[in-house]
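We just call them A, B, C and D in the order they show up, numbering each chain from 1.
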Amino acid sequence: MYRTALKDMPSDHAVFASRYATTRQLTEKLAEPLGPEDQCVQSMPDASPVKWHLAHTTWFFETLVLMAHLPGYEPYDRRYRYLFNSYYEALGPRHPRPQRGLLTRPTVAEVMDYRHYVDAAMRRLFERAGCFDADSAAEQQHQELILTDVKHAFSGNPLSPSYLPAAIESEKTAPPLHWREYAGGVMPIGCGEHGFAFDNERPRHRVLLAPYRLASRLVTCGEYLAFIQDGGYRRPELWLSDGWTLIQTQGLDAPLYWSNTSGKWQIFTLNGVQPLQPAEPVVHVSFYEAAAYAEWAGKRLPTEFEWEAAGAAEPVAGNFLDPARPHPKPAPPGEGIAQLYGDAWEWTRSSYDPYPRFKPLEGPAAEYNGKFMCGQIVLRGGSCATPADHIRSTYRNFFPPSARWQFSGIRLAEDA
Amino acid sequence: MYRTALKDMPSDHAVFASRYATTRQLTEKLAEPLGPEDQCVQSMPDASPVKWHLAHTTWFFETLVLMAHLPGYEPYDRRYRYLFNSYYEALGPRHPRPQRGLLTRPTVAEVMDYRHYVDAAMRRLFERAGCFDADSAAEQQHQELILTDVKHAFSGNPLSPSYLPAAIESEKTAPPLHWREYAGGVMPIGCGEHGFAFDNERPRHRVLLAPYRLASRLVTCGEYLAFIQDGGYRRPELWLSDGWTLIQTQGLDAPLYWSNTSGKWQIFTLNGVQPLQPAEPVVHVSFYEAAAYAEWAGKRLPTEFEWEAAGAAEPVAGNFLDPARPHPKPAPPGEGIAQLYGDAWEWTRSSYDPYPRFKPLEGPAAEYNGKFMCGQIVLRGGSCATPADHIRSTYRNFFPPSARWQFSGIRLAEDA
Amino acid sequence: MYRTALKDMPSDHAVFASRYATTRQLTEKLAEPLGPEDQCVQSMPDASPVKWHLAHTTWFFETLVLMAHLPGYEPYDRRYRYLFNSYYEALGPRHPRPQRGLLTRPTVAEVMDYRHYVDAAMRRLFERAGCFDADSAAEQQHQELILTDVKHAFSGNPLSPSYLPAAIESEKTAPPLHWREYAGGVMPIGCGEHGFAFDNERPRHRVLLAPYRLASRLVTCGEYLAFIQDGGYRRPELWLSDGWTLIQTQGLDAPLYWSNTSGKWQIFTLNGVQPLQPAEPVVHVSFYEAAAYAEWAGKRLPTEFEWEAAGAAEPVAGNFLDPARPHPKPAPPGEGIAQLYGDAWEWTRSSYDPYPRFKPLEGPAAEYNGKFMCGQIVLRGGSCATPADHIRSTYRNFFPPSARWQFSGIRLAEDA
Amino acid sequence: MYRTALKDMPSDHAVFASRYATTRQLTEKLAEPLGPEDQCVQSMPDASPVKWHLAHTTWFFETLVLMAHLPGYEPYDRRYRYLFNSYYEALGPRHPRPQRGLLTRPTVAEVMDYRHYVDAAMRRLFERAGCFDADSAAEQQHQELILTDVKHAFSGNPLSPSYLPAAIESEKTAPPLHWREYAGGVMPIGCGEHGFAFDNERPRHRVLLAPYRLASRLVTCGEYLAFIQDGGYRRPELWLSDGWTLIQTQGLDAPLYWSNTSGKWQIFTLNGVQPLQPAEPVVHVSFYEAAAYAEWAGKRLPTEFEWEAAGAAEPVAGNFLDPARPHPKPAPPGEGIAQLYGDAWEWTRSSYDPYPRFKPLEGPAAEYNGKFMCGQIVLRGGSCATPADHIRSTYRNFFPPSARWQFSGIRLAEDA
């Protein structure tokens, strides 16, 4: 899913310029370990080639910022408007999504030239008098997708290529799970008028919550393994109907990237194939798997409102994107509630519906979030592939309930 | 969708016996205009043969009531447990849903024998001392499905067979649409502990609503036609993303059963093909179409909570199932809010999520509603094919957003 | 496959009238054991409802004979031209083949009225002075299809309905297989100018054959079972590439209608489920299975020319259609070559290509055979479901190599 | 389709070594204009990435030659046995064909290292005393596929990349078509015992042919355009049934790579998009299109035997693979029969059946040709992408009747 954000807000243009440059550099750093072939491949329709991410984010600034705001700007190549439009109907026809991997041209080198051309124009724009309203959040979303899409593509290669050297070392134990209680009541939900946020986080409104409890940390691989070993994938009473159909027809019996050879569980990671670490949070589960696990545990998933009411009270800190080690870590020891931010996007028990009085952005960006508000589930909190300054308590991510290639995990809840 | 209900409640068994008999007779009356071939066909996987509905509802009483409560009861044919189980995993394997139409045996006559055998046993059960907790709501749901499934099957026959004689005469005008305002606030939602309801309507809980307005009647065919003529099906900005993809890939440009020959619109009904009546409510639209229409009209769909808060204050009265004329009617004249009940199921802007502290029924009936709480949209109010004593303000129907073969229509809402 | 035949030939019209009446009566006799539901169902796109066969053959005489030759003839219902056209592009659009089973109307009773209406008109035509050139071969082809299509539909019903009472009694042993040698040379192939034949059997021409041998009888179920037990379905080296893919993707491990319960083989027949009879010829195998069996046996399948050169020297006699027992029988004892005619259509090692100087029929019948000459395999000799007077040595049946629902079997050949 | 050949025959090993080196160099020359992304993409399941062709041909020599004949040979990477096996069941499991394009590793550079490693070992093998029986024909087949697969991949890119500079200049006129008559009779067909040939060309045998005529050259683009303009794609009576279904469901109305913009026809070629040249032979047509064209022209396609009888009498000369211009040319002026060899593979009216007494090769190569002898059509004569020393009069190429991405064209025939 791609979503942008353009909000008028007073700001120093130097801050924008600096954040823009930092974001663009990080994107390119993420592509560095990859050769031209790796950057061109598309392993499934939901994923995109890395090269396409590099070009699309550039197209985004060119089309929605430079064309609108930089007088005399000339597009790098007018045909790119068709090639690198993601889903904006208002911006004309576009290359079919499942065929992005067939675009061997422009080459990676040509795409890098395109990036530099647009970066130079953006610098000119930033240098003009007055502040400017461009934000880099849109490109940050693709940084996470670059990692998840490369992981998916590499996982299908029998050679099991590593994106990064095998250097994962993590704590061997996770703290015991305990329950944190919340009183509920009428709680403010969503982002107020000021500050950056996507349109789907607005407007701020009030929601009435009953008392509830949240688990102090994410479900671990070890706990999930117990679910598997207890026949979790063979007991229909634990599953939503669509989920049961899915695991039957696709023959699923473990999270994505898990494999079992001679009784030994291994996990494919961006640092190569690793032995399963019981203390690490489980990731790459679908909503169906998350819900079945919760049912098996005698608990439930939190609603997105329960999550946000808890998250708003916590600092936005956690295991976010580290280009050298994009992988979840065991929860740290301590009494508080851990891992609300970072490590894994948390599936909630909330369908992705519009907030009361929701209004999409104006212009082409109107297509950014609202048109996907059907058939998807809200995830909260960011993951180990999310840039640290990209997340906030009101942030609503969303994916179809069957999606497994994101760093999606499980936090349990219960009624108080 | 099939859902049952078994609730303990004090009651006179004579009431149950009478209601049972009435329900069973109505079901058979609905099958009367149909020959053996008509009752055997299955026109799509979502629909079922009439004969299957006749047998499945019988299987339901046999399996969930007689086997559990009537000592010494012998099943009519033990193989029917496999043939006529709808989706209960706890009750063992079952005939694949898309292949129900291939079951030419048992014949219609044999299924009627099966019904009579079970009816006789049910009478014995009702005659036993004490009250009994069986309810006929489950079979009533299939009465509506018999009509919608026959309509779908007949609509695909180039001979355009009529289920009933062509006798539709309706008012030629609908009253002007006006807006009814609701103050919102903390409202009770769902069914309390007493009285019959399905599990998905419970528990009763409180929801905080902002002020809102509802349209005084359903959207009419004439109003929907204006949407079509204004290019509604060709403007992507009006549509949810999945809806736009659907109408593109399937080439949709009008509600189900509408056809345009030489500029003249006609509608296939259970009383044969009829000229479009502008004053009648539009039915057989998907959630996507309902949402696109609302967007075009500058309005929105109500949430299921807004609908229930309004519906709870109105008498449960309207154009419900009349076996001689299962078709929506124009709204009656008057100042109040019309058609909340009957005529058309109203698509809401609420995904079908569980209520806080929702608990499924015990036993096999646990599979009745909860396992479908993903990927579906709530509809409210009942239709012209819903038995009058089957509906209530807390009733939550649900279908996938693409479903069009039900009598589903549109009521607009707006913020106050 | 449907194919017609209209050949000018001198003849007594009484012969035609009699043969017409006999054919029509036999068709209706074949439908007698079936109820209305049984006659309406279509269990796969390749099969058709019995009711459709009853109507299509009637449409055939109405459209290609009565409309052309009986002055003043009025069609029974002009809409049937669309409903019951099989595949004649020249005769306009037609109901989609996979949706024939959705036509609950006209009912079986109405189709019988249609038949009687056309029969009366045909009698008037036969009574006119002079001879007439209609032939009943086209309807005879559908007699065989009625049986194979009903068998397929009933086989998918868990109740295992029987078309006929369980009355199969056959010889328990088959004679030993020996080899009959043929000298080859330049052999005449195909039908000469006189006498009835389909267009694909003409013109008569010469083919050069090397010496060869044919097995004295069909492969038996017992012999085929040895192939299965020797791992025949698990050894890719025995299979054509497409065949191997097919059995892998569909999980095939035995002929159609064979089942193995607790180590005991049973076969679903038109007379109900029966224990496998080792002496009976194996039927319901695909070309792929026939070819794999031959490979396993160290032999090969005969070409259609080798078959015809042998068949031309034998009387056209064998186990043909007996409405009371449509099932293959063990070969009779004796020295000669047995079962060339009847029992099972024999897969040849010949693709269905046109004969040199092949010319299709004139008019709509041009579409009868020629347009299917691609991607199909020739079968020879007729089966236990073929009317005795329908077959001849030059007759070329054809089906795709994957087809299994016909009475198709195996005769081995080898080089001499 | 991939097929190999290993025949024992006396020969000078220097000839083999030289031919091997030449073949390997040509393959790499064909890959030279392509970047790493271009060599990794797979545009459809029937096509393969160039990188895969480079590796598979290397795997072929490694597995079937070096492992068997060079003592002490160590495979380059044992995992390649799985990755680069095409379809040899006897050589174990293999990477699924439709997923070849997902293998971004090994990179192009690593595949080139693999090639050099194997080349060095092959040189050692050639230097050993005695002659050796390896042949380079297998790799030559992939040279043609490299060109057709790149063409297909590039054609789907909206940027219309050119494999080679736009340098096509050809004669603007084709000589008039005249007819060459052949007497037929008993003709030898297939390859004798000596000399190199694939197994499907053997054994040599005799076929009886009636007199016939062949067109003096291939059908041109201009002639094919007349067929289109005469409604060729809208007249079902011209088409085989499967072909008509195909063009309807896929919406085909011209050969692959043809496009019509504002009434002007253009053709995508390996030298970029070019205006249609009426004098050039039409290529990239399916068998269905070839047969429909012949029907429209009142002619037919030749059988493979008619073609071979004619081809055997002609020198093997024509427009073969020129790496600088892989494109068909107009027929040269002259009285003789032209273009039998080169320019375009000619669809015959012969299904791909085994020759009498056909025997596959021994060992893994048994899977080379025989297992594809079902459902395919024979093509003859080689194309503008076929290496000149790869073709001969007995050569049988084969593809499914729907294949269009090869350089396949049309030669007409008629009865004499």
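Rule of thumb we're sticking to: contacts are C-beta pairs under 8 Å (C-beta built on N, C-alpha and C of every residue); 3 or more make two chains touch, one makes a residue touch a chain.
Nothing here was measured: the structure is a model prediction, and the numbers come from that model.
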Chain labels contacting chain B and also chain C: none
Rounded Å distance between chain C and chain D, as computed from the means of their C-alpha atoms: 38
Could you grab the centroid distance between chain A and chain C? Build each centroid from C-alpha atoms only and quote it in angstrom. 59
Contacts with 2+ other chains: residues of chain C: none
Chain pairs in mutual contact under the definition given at the outset: A-B, A-D, B-C, C-D
Tell me, which parts of chain B touch chain A in their complex? 87, 89-90, 186, 205-208, 210, 236-237, 239-244, 287-288, 291, 303, 349-354, 356-357, 366-367, 371-375, 377, 401, 415
Show which residues of chain C lie in contact with chain B when the two form their complex. 35-41, 43, 51, 79, 82-83, 95, 99, 101-108, 153-154, 156-159, 161
